[in-house]
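Accompanying notes for the structure given below.
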Amino acid sequence: MAFKEYRLGSAMVGGALGLSMIITIFMPSFDLRSAVSTKMALEKQLSAGFDVGFGYADPLLLGINRPLTVVLDADPKTGAKFDPPVTAYIYKPGVPMPPNVRHPHDLGKGVEDLSEGLGQIGSVSGSNHSVGQREGVVFTIGLGEFDGEEVSYIENATATRGWTPDATLAAAGDKNTFKISQGKTEFVVQGCWWCHTLLPEQTQDWQVFGAPPYLGDFNGENPTAFGSDRKAPDLLHVGSRNSSREWMLLHFFNPRLVQVNSIMPRFDYLWGEKDAQGNVIDYDKWRAEYLEYANGKRVYPPEVPDYAPDSEIRALIDWVLSLK
Amino acid sequence: MAWKMDNPLYSLSDEQEQQDILKKWGEERMGGLIHPANNRLPFPLTFLIALIILTAFLITMPIWGQRPTAELYKVHVELMNTPEVERLTTPEEKMKYLDAEAMKRSASHPDSRNKGQLERHPIFWDDLLNLAPQIIELQKQTKYPLDNFTVVGDKIVLANFEGNIRADGVRERLQPWWDRGYTIDVFYVSYYCLWMVIMIKRLPHFSKKPQIPAY
Amino acid sequence: MLLKYLTGKNEDIPAGSSAIFFGFSSIFWFVVGTGLGSFNAAKLAFPDFVTGTELFAFGHMRQVHVLAVIVGWISMAFAMTMMYMTPALGNTKLWSEKLGLWTGMMWNIGLSTALFSLWIGITSGREYSDFAWPLDLVILLGVITPLCVNVIMTIAHRRTQGIYITNWFFGSCTFMVGIVLLVGNSPEYFHLTGLSEAYLTWWNAHNLLGLWITPVAAAIAYYTIPKLTGNPLYSHRIGHMHFWSIIVFYSTPASHHIMSSPIPEWLKSFASVEGVLILIPAVAFVANILLTMKGKWTLFVENIETKFSMTGVLLAVPLNMQGGFQQTRSINWYIHGTGWIVAHAHLALLGMSTFLEIAAVYFGLQQMLKRKVYSLALANIHYWFVLIGFCIYWISMTIAGLIQGAGKIYEVPYIDVVIAEHPYMIARWVGGTMVFTGNLVWLFNMWMTARVGTLVPEGRYAHELAYDR
């Protein structure tokens, strides 16, 4: 090859890279964008909100400006009883709208139509998303019919039923409020996903960990945080396998309390300084007593303190239990 | 940049250009290094590369590592409520009988791929109980045949493949022999090989060595 | 002195300053990265080791280890080799030593900031692009772009007609890695969600390895081996073959990292064929280097740089055999997400590419400092500690991965898998700690080289002189 042909060579490098990007990015983007949101996807994105990783609204990932998930026994406006209970997603003023309310097209065919029609999300979606962020919205998930098939869609309950964020939150009460968005942030920040995957595999994996996800199960999720290096059970459906809050409490405080051979780190630091009663948690004492227990000098391990309502562990457990 | 096409397997450059290149290669010292030698591609290497390309397509053929289709367990579902099976007490025995029957039936169809698939995708009694109603339900519809459905987890879903379009306008959900990914691969590899041949044959023929001047 | 150079005129800065700066920075980050690795491995083996504090929890440390090693050690060692090889191969000087020093400065500051923010938990939650996007931009614009400009301008200002193969790789890879970072981080810049986000995360991760780490490491060997042995590179043709197949095949199989996710099946088919075709650049590279060694194999034993280089080249063989086949549908279902993959990743980064870079950093630092390496004995200790430590790590994690794979397929309760893995987790910690110890020895050895190593006479190469100690 003569030296003057370096120019051609450079062009060929660019051409080859461009071709590979057309095949690996441009072409699949059509398939990926045409995915239709499933109910699971809607639940995940409404409970998680716009960002659970780094973002404008919460740059330090402290769990501020996050939607809250509540379970309602009764209509907060009319007081009519619900059976079964209804799950609502409260976006207080200042909380960014969820990704697919900003970009309804990504909801997929049918879901987009119903959300904009029956769901009336138009007043807070697309270019109006800043209105929703300024005034606050309550969303629910509705069930409608499109082309003869049942389709779940996003409903703007503030528009359709007149629910305001404050009234809904008050009607639900703290007991029925779940900080799922902050919980997923804890999952990412505390590095749970370095060991626990969120992707039961499509082959032989599902017998234990539950159904692998489908094409539309991820719409609006960011980050998906599948995880790549599984050193612990998959968590995508963990809430169906184990829904005991008490077990979670013990297991997060010190996994060796419930599973002697576990290699999971202790997450006792997520309890913060005070327990549910407002007493200061004496970690040194607890650890010393636990050590005695582990060495066989005590019959029972020390009591695990109950968490405070604003502790990080509450959010994390809320999120884990929401994974059905 | 003169091209010479009369003996393309020898070299695509004319004699004068080959000499010029060899002279430059011989004279130039890049960072004190002698220019890379003008050796040919060793035959074992060429063979290995051909083998790799062949292997790449063979090992990723649709028949390997596919997930089970609903078709695979049709016989199981058909026979699971017969008296023969109900007589057997443990799930293991039941499955043993059903597997044997399914194997026997697929063996009677010489072109069936089910035998190998059944070996790769064994199923347990509990799972079968879960899947059976879904398979029965699917047999009632006529839009897609059973092998268009994949068993994923404890659910049966329409496979993700985009196959041939049938006479009635419905797209088959079977991986076709021309799977889009493979087809792109064939073109992609062909372009690479073509580019490589042109590239290498534009170089001076390997029998000629760079002319290193005596110092 | 550094400050003086950073503010001084380009002409006043001695040639090789930026290479030396990058060289020592990379060794420093290597010590930090492997130290963190050893610490993390200890936590996996003994979960109550340093417990109860947020910042020293495994989940806060793991990604810091990964990115310290990739961005700190491997990429800075690449930059170091570019700073001295690119001008040497063009018979010229580096286009701008000052820009080189500034790049190194920005790199150290940017990386420290990014790692610190990651450590305290500010993350995008995307593997291998964990940094928050403003920091990704800092790395792209403040580090990769100036490096690319410097390398390409040096090549453009060469005083030779030809461009040596190493420089083909350096020029194109510094350019392509910028594109990869730009496109691969687009989910963060443009807030893409769902499967597009997942897919682009792995597109980014795959191409960082495929268009940056693997080819640049190989390019380094194309310089060091002919230089150390005195043989010309075996074949210009095989070099072409290697270069083009890297660009064509290595840039495509991104989706084979998420074979078990519901991305389109055709994309998986495409990627798994391309994934096997990665063996083409691999065999071309290994064949070319092994044939270049003809008649000089004694250097494998006698010369420390050749020893490191050839070990790296030989480790490329199992690396690519694993890499080519483990991603096919027929094998991936068994080993996906297990320790096997961890072992494979360390084979690529700690095995193949690290050994090639260590050789190049040894060679380059001696050349730029004009001093012979301080102690052969320490260098040999370094070699054996890193090699044995790596092998312990690799073998133990491969076994652990096969156990996990079997556990996954045969529905073994997960805790039994954890129990079965425990001995291998301890072995992994032992291996990682050996690597870390070896690197401490190396840092000491290079520091002593800079201070009291025997001066190399003008016009000679360090590797031509006899060892002193």
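The chains carry the letters A, B and C, assigned in the order they are written, with residues numbered from 1 in each.
Rule of thumb we're sticking to: a contact is a pair of C-beta atoms (placed from the backbone, for glycine too) under 8 Å apart; a residue touches a chain by one contact, two chains touch by 3 or more.
Computed from a prediction, not measured in an experiment: that's the story for all the values here.
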If you apply the touch rule, which chains end up adjacent to both subunit A and subunit C?
B
Between chain pairs B-C and A-B, which one is joined by a greater number of C-beta pairs in contact?
B-C
Provide the C-alpha centroid distance between subunit A and subunit B, rounded to the nearest whole angstrom.
37
So how far apart, in whole Å, are subunit B and subunit C when each is placed at the average of its C-alpha atoms?
31
Interface hub residues of subunit B, defined as touching at least two other chains
24, 160, 184, 188, 195, 199, 203
Can you tell me which residues of subunit A touch two or more of the remaining chains?
1, 3, 12, 23, 202-203, 207, 212, 214-215
Where subunit C touches two or more other chains at once, by residue number:
161-163, 240, 244, 248, 252, 262, 264, 267, 270-271, 333
Show me the residue ranges of subunit A that touch subunit B in the complex, using the header's touch definition.
1-5, 12, 19, 23, 200, 202-203, 206-207, 210-212, 214-215
The answer for subunit C against subunit B in the complex is residues 85, 88-91, 160-165, 223, 226-227, 232-241, 244-245, 248-249, 252, 262, 264-277, 279-280, 283-284, 287, 291, 324-325, 328-333
Complex contact set, residues of subunit B against subunit A
1, 13, 17, 20-21, 24, 67, 127, 152-155, 157, 160, 184, 188, 195, 199, 202-203
Of all residues in subunit B, those that touch subunit C in their complex:
24-25, 28-42, 45, 48-49, 52-53, 55-57, 59-60, 62, 64-66, 159-162, 175, 179-182, 184-185, 188-189, 191-192, 195-196, 199-200, 203, 206
For a test of understanding, state which residues of subunit A touch subunit C in their complex under the given definition.
1, 3, 6, 9-10, 12-13, 16-17, 20-21, 23-25, 27-29, 31-33, 35, 41, 45, 50-54, 59-61, 99-100, 106, 188-195, 197, 199, 201-205, 207-208, 212-215, 217-233, 255-256, 259, 261-270, 283, 287
